[in-house]
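We just call them A, B and C in the order they show up, numbering each chain from 1.
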Amino acid sequence: MNVVEMRGICKSFGLVNANVDVDLDIAKGEILSLLGENGAGKTTLMNVLYGLLEPDAGTIWINGRQERILSPLTATALGISMVHQHFMLVNTLTVAENVVLGYEPRKGAFFDRARAFEEVGRLSEEYGLRVDPHAEVSTLPVGMKQRVEILKALYRKSDILILDEPTAVLTPGEADDLFEVLRQFKQSGKAIILITHKLKETMQAADRITILRQGRVVRTMPRVEADVDQLAEMMVGRRIVFSIGRKEMPKGLPVLMSIRHATLKREGVAKLKDINIDVHGGEILGIAGVDGNGQTELAEVLTGLQRLNEGAIYINGAPVKAPTPAKMLELKVGHIPEDRTTRGVIRNFSVSQNLILGYQRSARFSGRLQLKKRAVDAFAKNTAEKFDIRCGSIDDPLSSLSGGNQQKVVIGRVMSEDPRIVIAAQPTRGVDIGAVEYIHERIVELRDAGKAILLISADLDEVIKLADRISVIYDGRIVSDDEAKNYDERRLGALMTGQADESRREADR
Amino acid sequence: MKDLFTRAWKKSKGFILQSGALFSIAAFVFSLIVSAAIMLLSGFDPLQGYSALLSGAFGSWDNVATTLGTATPLIFAGLSVSIGKRAGFFNIGVEGQLLSGALAAAVAGAYLKGLPAFIHIPLCFAIAWIVGGLIGVLSVKLKQFMKVSELIITVMLNYVITYLVDILVSEFFLNPGYVVRTPDIQASAALAPLVPLSRLNTGIFVALAGTVLLYWIYRRTRFGYEILAVGLNRRAAETGGIAVNTKVSIAMFISGGLAAMGGAVESMGVHGYYIANMVSGYGYDGLTIAIMGGGNPIGCVMASVIFGALRAGSSNMNRTTNIPGEFITILQALVILFVSAPLLIRYFKDKLTRTKSSGSEAA
Amino acid sequence: MDAQMLDNIGSLLASTVNIFIPITFAAIASCFSARTGIINMALDGIMLVSAFFAVYGSYLTGNAWFGLGLGIVAGVAIALFFSVITIKFRCSQALAGLGINMLAKGLTIVLLQAIWNAKGKSAIVEGIDVIRFDAIAGVPILGSIFAQIPPLLIVLVASLALVQVVFFRTVFGLRMHVTGENPVAARSLGIKVERMQYVCMIISGVFASLGGAYLSICDVSIFSRDMVAGRGFIGMAVAIFGANQPVGCILGGLLFGFAQSLQYRLQGGAGIPTQLVQMMPYVLTLVALAFSKKDTSGLTESRL
């Protein structure tokens, strides 16, 4: 009998169908890999199982009984636990205290700390997790912190564990340790669902695999029947669309921007590892990869928002000494930020005020102290017309525009400044279909005019459609670099999921 | 003619609605009503009270002079908080900055001898501005260093400065005699009164100049644009190449300087020296004024006149009725609490618009 | 050592205790709310209101203990008001605190006028008298401190012990800590964050009220305008300096109390300006904040 059965699960957020008629099941003592790219619907499906979301349709059966899971508390009572990507731990407390929170051992109103230490220690021993219950969580490395989350699940006597991208924060060694632990869980009869986009892990740890793509189940199969290429194609596979017209560009175009031996560390973890990239004029270089493999950091470094720990950025061959956003803007590097609301626009500013953001210092828009209001207004009106920005007037607050029009403001702003290089991060995220085409056309227009475009996108469709060259980023490294037309779905899928690495041999992993 | 009228009406309606002045006016009216109720419940006659307030504030030219004279340092305080807030820094330290400006001006005014007025007065202003401005910058640096909200830092700093100023007066700048104060300022540093023997002095022109200055900064300068960007969305401002920390520091230098000017004007125009409690409470008034004024310098002036009127009227109310003048404190407190009510309204408005927009955008 | 000096030391320590009591009550009050992530900026207002109503209650019934009860009720009401504005309607804690403190100041003065027709002080009422132990009155030093014990001191000491236990040994204390440190995690564990904050704010109000009431009916048996004089903020400073723990609060409170009473005795005679002592808690708090690595005070950007 299956320990969990999800039948016909549907869940939508507005116009987006996150899950469409999804079936999933898992038996005792089994590890199921829930495989798919960003936006495939994996996390949504598990949030439904864990009670964080209620499905629009479909049923859930636990141990043969139909259940309505309305909150994480219900889920926990049914024996389901979820280890999230972002840990829910209290740094100033010890491991044991964190583990027992919510189900504390008591002596009346008193917290039986001794028993907590003892029980957590015992659990840790029993499952070979080797976590010191007395340790303060803030002192633990990330791998250990994850184990604390796992201990939480064990303490609550969960038989069904959901792990969301568990190896995203682990070193290869820690990942191996984790799988050893999971194997033990399996042997003691627990059912484990792994949400992942990494093929290697799936092949390493899973018994069965369910592949999701764009909200639907592509296939469910036993691992022994699967092979990596097949999986990659199923995950990622779609027709390659070369439907956008572009100019034939001459060979030997100049390198306008490059980055060499770039390394960036955050909180001790390396987010970018020895990255080397060249962006040529008249070329769109697409950086393909699953979100979270270093793209955000790459964009931040190239636009001066973050400083590299090692390595340097070169513009027209000359190194940029101390990159700041202002300097990069001055050097004619345009930036379309991946997070429009936090970094791209100011909601309470008017359309015209947003259109000059980043460029207010230029002689066009300001004198020594004052802004040239008439020039700004004229520019704003002009740009709004040129880029088909639908708004009442240029003095309207930006928040009154739709997502697509807000993005057009960002695009219009960048393009009107005649940049030499453009870093476009997720340029069509959160944008309605009509505006997407428009934005794509503008990007190709820039390229045709000889600009260098670095396109970072988690939407593979977009990368395939627009890029002249494609580099794949995985785990902070560039694992491949080639002309776009030399790629196919399988190759891309394998690279994006860490299964292949064309930059160096696999041996040193 | 009618067309002109309709256009003017539309424009001012738009101005009022957009600038949030409506909220401030509504909050003030509500506060008046609730205060009246409290008066009634405490056994006082609100009509008597409010008429005493009004006549104390506007009943005679002398009273009007008092009102405007009291409003002068308040304008500075309100402007100070306003520019800080624009850059995203809530400057509760106005009180301390006012005080230090008052002392600095009194000292510069008393101890620098032999200067002609047209040099001495601006010099005193400049010294006061620098002292206040540096305190403002200090607050910013402390916040950046300690990564703690400026609300706690500036409150603590206020107390420290208050006591420091006391020590400076009693140890270094004490005037011989019974009263604890600094020596009289030179005649060359005094601000001439506009109405004889009243609080109203030429300092009010400086305050209005300050208003115009801020208005110009906000509406016309690149700096004004940049600090507003920082205040509204720090990260977007950073992405747009704005040196966020520097801008906030400059804004707070101006903010602290303006507050200090408020104190300076009191030393040079009203008392002629520094004495304890001379500007007590003006800083907190400034906060209320800036909130009521809604980030608009002209709104600050209007609110300052209202508060000047309240203060002038309250001493009259104290004298001529048995209603304690502290009612204006109650009024003020209610305004602050009611002004938080727009935050309430915005809270609900935000909740509604957020649920609408999350549906149409990709998850 | 002659008798005079012993006497001086004795009275020094006695006045230390006198200052220590209300400050430390305020400090505990601050701890309770801060530990759940709310900074109680209305401490001054709560103390002032409870001081007033304690006297008023005693005035009405002639019973000081009734007055104490009324004071606590009034103070808790203010605390609740503050918590509703800040928790439910998410208004700025600083603004709400500022408004409430001002309102308390103005209201109490107005009520002084309304009830006693007085501008500065209320009538003298029945106060809560100290407990006398005449047996040890003659003992040097110890006699000065322990011959007359204010009942609220006993309450304070008992409370400190109780609070220490609650914070560190009970499930409630553990959950309080989580609510303040990581409310998102708390929610995911099924802890009701808002309810915890309301409950702790009420407890905070009780302690603040005790501190305020001490100032009026235990110390001087009258209410005078603005008699709290910023002690709420000093208490908050002591709590921050003491890392929101009872032991820290005791040490901070004693330190401050001692410095204050020393300064009174010396009357600037030793060349130390009184204001240096008075600004000490604020300077120390800034110093403590500068060097604290852990955000135990909950004072970062997002909260206020």
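Note that a contact is a pair of C-beta atoms (placed from the backbone, for glycine too) under 8 Å apart; a residue touches a chain by one contact, two chains touch by 3 or more.
Given the structure is predicted, the values throughout are model-derived calculations rather than measurements.
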More contacts between chains, A-B or A-C: A-B
Farthest-lying chain, centroid of Cα atoms versus that of chain C: A
Chain B and chain C, separation of their C-alpha mean positions in angstrom: 30
Cα-centroid distance, chain A relative to chain B, in whole angstrom: 47
Chain B - residues contacting chain C, complex: 38-39, 42-44, 90, 92, 142, 145-149, 151-153, 155-157, 159-160, 162-164, 166-167, 170-171, 284, 287, 291, 322-324, 326-334, 336-337, 339-340, 343-344, 347
Residues of chain C that touch chain A when the two form their complex: 169-175, 177-178, 181-182, 184-185, 188-191, 294, 296
Touching residues (chain side chain A, partner chain C) in the complex: 72-73, 88-93, 97, 101-102, 104, 106, 109-111, 113
Of chain C, residues touching chain B in the complex: 39, 85, 89-96, 98-103, 105-107, 109-114, 117, 119, 230, 233, 237, 273, 275-276, 278-279, 282-283, 285-286, 289-290, 297, 299-301, 303-304
Partner chain B, residues of chain A touching it in the complex: 13-16, 18, 303, 305, 324-330, 335, 337, 342-349, 353, 357-358, 360-361, 365-366, 369-371, 373, 402-403, 429-432
